[in-house]
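Order of writing sets the labels: A, B, C and D. Residues in every chain begin at 1.
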Amino acid sequence: MQTKKEFRKRDFFYLLPLWLLSLIVPDADDLYSYRSKEFKRREFYYLGAVLFLPLIWSDPHFHHLMVLAGIYAILALGLSLFLGYAGQISLGHAAFFGIGAYTTAILTTRYAFPTFLAFWASATTAATAAFLIGKPILKLKGYFLALATLGFAEIFLVIVRETQTLTGGVIGIFGIPWFSIAGFSFDTYLKQYYLIWGVLLGLFLFSKNLVRSKLGRASLAVAASEDAAKSVGIDVAQIKIKVFVMSAAFAGFAGSLFACIMSTANPEAFSLGFSTLIVMMVILGGMGNLYGPIFGSILLTYLMDILGRYQEWSLPIYGVILILLLIFFPDGIGTRVGIRLIYLIGYWAKKKKRDEGKL
Amino acid sequence: MKENKGMVCWMIFLILIFMGLATSAVAAEKMPYKIGANFEFTGPWAEVTKTLKMATVMEVERINAMGGVDGHPLELIFEDNGFDLGRAAVNMTKFTRDKEIVAVVGPFEDNLQATTRAIAEREKITNIIICPSNPMVRALKQRWAFNIAQSDIIVSQKLVDLCLARNYKKVLVFPAVIPLAQSLADYFKRFGEEKGMKVIIAKETHKPTDIDMTPQLIKLKPTIEQEKVDAFYACTAGPPGPIVCKNMRTMGIKTPILGTHAFGFGFIIALGGEAMEGVEFGGAKPVVPDQLDENDPVRPIILDFDKRMRERYGVGIDQLAGYAHDTISLIYDALKRCQGKVTRATFRDALENTNSLKNCHGIYNYSPTDHDGLSKKDMVFIRIEGGKFKRMRFPGFE
Amino acid sequence: MPKNLPACTKPFGEGRFSGQVSEGGQTEDFMNFWTYLPQLLSSGITIGAIYALVALGFVTITRASQIINFAQGEFVMLGGVITFFLLKGLNLPYFLAALIAIMIVVMIGFLLQVSVIYPLRKASVLILIMATLGASIFLSSTSALVFGTLPKALPPFSGEQPLQIGGLTVVPQSIWVLGVTFLLLIVLYLLSHRTLLGKAMEATSTDPLGADLLGISRNLMVFLAFGVSAGIGAFAGILITPIFFTSYNSGTLLGLKGFIAAVLGGWGKNSGAILGGFVLGIVESLSVAFIPSGYKDGVAFAILLLILYFRPKGILGSPFIDSRRW
Amino acid sequence: MSLLIVDEITKEYDGIRALDRISLEVEKGTIKGLMGPNGAGKSTLFHLISGMEKPDSGKIYFKGKEITSLEPNEISALGVGRTFQTVQTLGNMTVVENIMTGMHLRLKGGLISSGLWLPWIKRTEKEALKEAKEILDRLGLLGRWKSPASQLPLGKQKLLEIGRAFAMKPELILLDEPASGLTPTEVEQLSERICQLKKDGITLVVVEHHMGMVMEIADEVVVLDHGKLIAEGPPDVVRGDSKMVEAYMKGKRLNNYR
């Protein structure tokens, strides 16, 4: 009996992301619609869901997953500003994530910084690193930009592994205290959930404002056509740097939270595979809208959790799913799923007709 | 009246049968004791976890065939954490949520253990670590985490004994950039210098992914020659071991090579070929199941386990299979000692009170203060000869 | 202190860096570095040949279609692993096993093109990168499932005994590697410059529209290119497996290094790829003499960043550098 | 003092002279028609003026200031707007956002302040929106101000591009073949808009194949052929010029082949 109920509950619980998807599927021109301040009704649904779901559903596993998804979402949100809005490519954001995590880890464990300060320090460090690395490499485009960012991430890993005295080498750093503000420490998954999603909400509003301001339009223009952008007096290089630094700062925040919640920081967590995962989150959610990364990250975090059951098969299945999603939803599940499905159905219908015609 | 009596007899008979059926049915559907396994089925440690899975599954099935723990079958639940910190942690909470799970085994890799141990401590669930975490984490003395394999300290002491027995005065250590190798090198240096040896830890290191160690060795060669080191300690795990040996022999360095206990696997010899000849290390007993002396208490267990592994999977046992076997039998033993009322807390206490339990790897003793099961007595000296593991004995040492 | 782990009281870096011993310090190494130069060079050249082959694989695909196939390294891995399987598992003769393995990997390359690249032929750069990365994840993990995750070591083509040439000791296999590499290069050169096919491939890459007008089927060219590059990759795999062990996850790093070599030499040029491969291999192995060997992998990527910043065209210059995607 | 001065400018593409010591002056408030067959170097000249490419020799002055070596965005910051031969509206934005992008330099707001949506940002954005709608109204695109720019027909996209350039409040606008690929009626509308721009006191340089249109709107016409300036003057004068007719007809024939 007990087990049966467990089972049913769990399945419903894995169906949750799909249900959320069905809620969010926006109308096609929503992607382009004039970016205004007015919230749509749908958006209040999301807010309600984020606020009350964990209370209705007090399940540590669910909370933990959502905490993780939230952290990834912060990172993906920053990346989508760079990927989706400025139209550049970065495979190196795991490095900024790692820089954030290590900054927090070192400051809190060795210099006994309060985590709240370390949180801001991490973002600053990541942003600085992004500025330094971005100046030279952002003049590249496409494949070479991707490769350069990837190379930066690898170099970061090598440095972390080698500077034992500071980062503890491959062993990493343990015993990072919980995130705490003014003595109130977030020590349960529920508290962490509200912390993370609070931060995410703040950053989300920030970027929502940003993309409908001068800077957002400029970055969209850079993505569309650099010549046109220059012709209206936009300094392309400067815009790219700004957005890059910005997304790195987001990554820094995420990394700091990650370090606090996992209580450890080690190089294995910031490898190329992680960068790939985050980019996938952005792509699957749909580039060029801000909900994309969030839903993408929830989706993939759940996917990973489900795949855990399939033991040795989890990685091959992940690869196949990844490719299939890219082939069938190249511009994101979150944004275009409706259109895509209609198109597919139409195609099947036509095919049927054709066959009948042949007969 | 008669027929009534007959009726009554029949009734009683039927009722008895029903009761018998009922009781038997009840016996059949006792709640299973679940054990969560949080392993790296994918990623660099996949091979290791494959062995672990084979052995654990086999052991659990054997115990269930024997009727389980007083009627309760054991059940294994495997989850892959893909060598990813986040997923390992989430799996841990997933296990803690399921109230029937009494203990979680794994993860295997050091970097993930710190987090899962912390969660276990918080959520009050036993976390059995097969390969002990690095000393920094073990120093925390967490009550809910138990280590199966010998800690780095014991392994290093064993190797120091080997050096003393062979009377190596100067040893050069060539560490890999993995947590295990680093703590091994540290402890080897510490104990070696206590015993008056000279231990040089090379600046040069190698990664698990390096495919050619020649450059590093070229930089080490002058040290080897000028210092006249007696032995070269390839402090590494996995493929780099054979690579180091091969490259050294190719470069014509004849210095004897010492290995870590991670050399005690068949594939190491298969890879290294004749370059591995004469490599010596301190390993566990399952590496040489057939060469244990007759009065060794664990000999029958090892041989029996080896036989069953060969029958079922066609491969002999190695240290990891041994650890898996020991894990399951430790859990089985502790569950039995809970006398029916199994909760996570009682299970933890029972496991803590394990003493002198005979197993593949030796005799396990846990206590509330000491969560390292094995001791130095449970290791043997091993030398690779003719593509085989040969046990060595040194009077005075073992 | 929160209920989390208590903060680490142990000082970091205890052990191998605090307990550093000065024997074998940099200066001595440097002095007798020159005596070991030939040794370093030989190992560098051997690895360089492999990088060159991997880079050639990248370039072959890029010349036919301006795509970078991040699964190139997996072809190398599959070549070695499948040969090992055929040799040890099915006890086929060495030559036959190698041949069949190459054919299988070529088939895999075709499959990859048909199933992943063709549907995405109009997709953006980012999508292509992610798709090929996904393919590489799939290939490596699947080979781990099928052939096991243990590293594989093939027997060398001839003789285990290292040769003593003057001061340095060389494994005969590395001579094999060099010889066969150069043979392969000649064949490829003829293929791409002397045959109509090669010319057609080049045409599709430089001017797709013109190629279409000339009636060259672009998709067919890309299809063939994938086959060829998969073949080259498999060949490289078979060559290195006797010296360096091939395991299911050794493909990714090799692929990246090969890519770096291709960029270093001059993106899109066969000659550039070869030059870049050897330069990268030699620089990498020589660099160990001057910096701690832990940074060895960093060197390659540092070179990459420098070359991308100062001379994206690479050493020999690149025909594609002004194209839309770069 | 004329607004734009091109002085003895020369540009070579590996040996071929695209422009050979061209010099011309554009007076303030006039429309300059730039004509010539393909390969005459009209677009090259535009690229040089707007800074997308650098000349091999010669100088360009705008409002008496030398702009030869400036970056494109700096040149447009000085007040030189331009449109493109292949229309380049920003397809990932709405129509009104395209116009507002044109106002980029005139709006203030940094990264943090616009992220926090501080009051002054709010004000500027509101005003910008209002102004953008006015511009759209003048272009007759106000009806579709919310629809994605990529969904407009070609003619409207060209108008939108002109509007985007106009939103910069520039003194000089370079129109690169505005009428190519438009229906006659659209060409009519287009020339009306252009004349309106002139009334606003904006100087224009128009590259055009569509002879009738140029002759109609331009105050002065310059004819290029193979990088050389072969005729200059008011339309009716140039129309009579034999060299020009010959060259231009050749150009037309060449066109038909392309």
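One rule holds in what follows: a contact is a pair of C-beta atoms (placed from the backbone, for glycine too) under 8 Å apart; a residue touches a chain by one contact, two chains touch by 3 or more.
Predicted model, so just to flag it, every value in this text is computed and none were measured.
Fewest steps needed to get from subunit A to subunit D, stepping only to touching chains, is 1. In terms of C-beta pairs in contact, B-C outnumbers the other of B-C and A-B. Centrality annotation: A (chain centre taken as mean Cα position, compared with the mean over all protein Cα atoms). Distance between chain centres (mean CA atoms), subunit A to subunit B: 37 Å. Here the CA centre of subunit C is 49 Å from the CA centre of subunit D. Once the centre of each chain is set as its mean CA position, subunit B and subunit D turn out to be 75 Å apart.
Counting only residues that touch two or more partner chains, subunit C has 3-6, 8, 16, 141, 144, 292, 294, 297. Among the residues of subunit D, none is in touch with two or more other chains.
Across the assembly, subunit B contributes residues 42-43, 46, 50, 114, 118, 136-137, 140, 177, 182-183, 207 that each touch 2 or more other chains.
The chain pairs satisfying the stated touch condition come to A-B, A-C, A-D, B-C.
The residues of subunit A lying in touch with subunit C in their complex are 83, 89, 91, 108-110, 112, 136-137, 140-144, 146-148, 150-152, 154-155, 158-159, 161-162, 164-169, 173-178, 180, 185, 187, 263-264, 272-273, 276, 279-280, 283, 312-313, 315-316, 318-320, 322-323, 326-327, 330.
Put simply, subunit D touches subunit A in their complex at residues 50, 52, 71-74, 76-77, 81-84, 88-94, 96-97, 100-102, 104-105, 107-109, 111, 114-117, 121, 125, 145-148, 164-165, 167-168. Looking at the complex, you find that subunit C touches subunit B at residues 3-6, 8-10, 14-16, 19-21, 23-25, 28-29, 32-33, 36, 39-40, 43, 46-47, 141, 144, 148-151, 153, 160, 162, 169, 171, 240, 243-245, 247, 249-250, 253, 285, 288-289, 292-294, 296-297. Residues 39, 41-43, 46, 50, 53, 78-87, 89-91, 93-94, 96-98, 100, 109-111, 114-115, 118, 123, 134, 136-137, 140, 177-179, 182-183, 207 of subunit B are the ones touching subunit A in the complex.
Against subunit C, in their complex, subunit B makes its touches with residues 42-44, 46-47, 50, 114, 117-118, 121-122, 135-137, 139-140, 175, 177, 182-183, 185-186, 189, 200-207, 209-212, 214-216, 218-223, 226-227, 238-239, 242-243, 250-252, 267, 270-271, 273-274.
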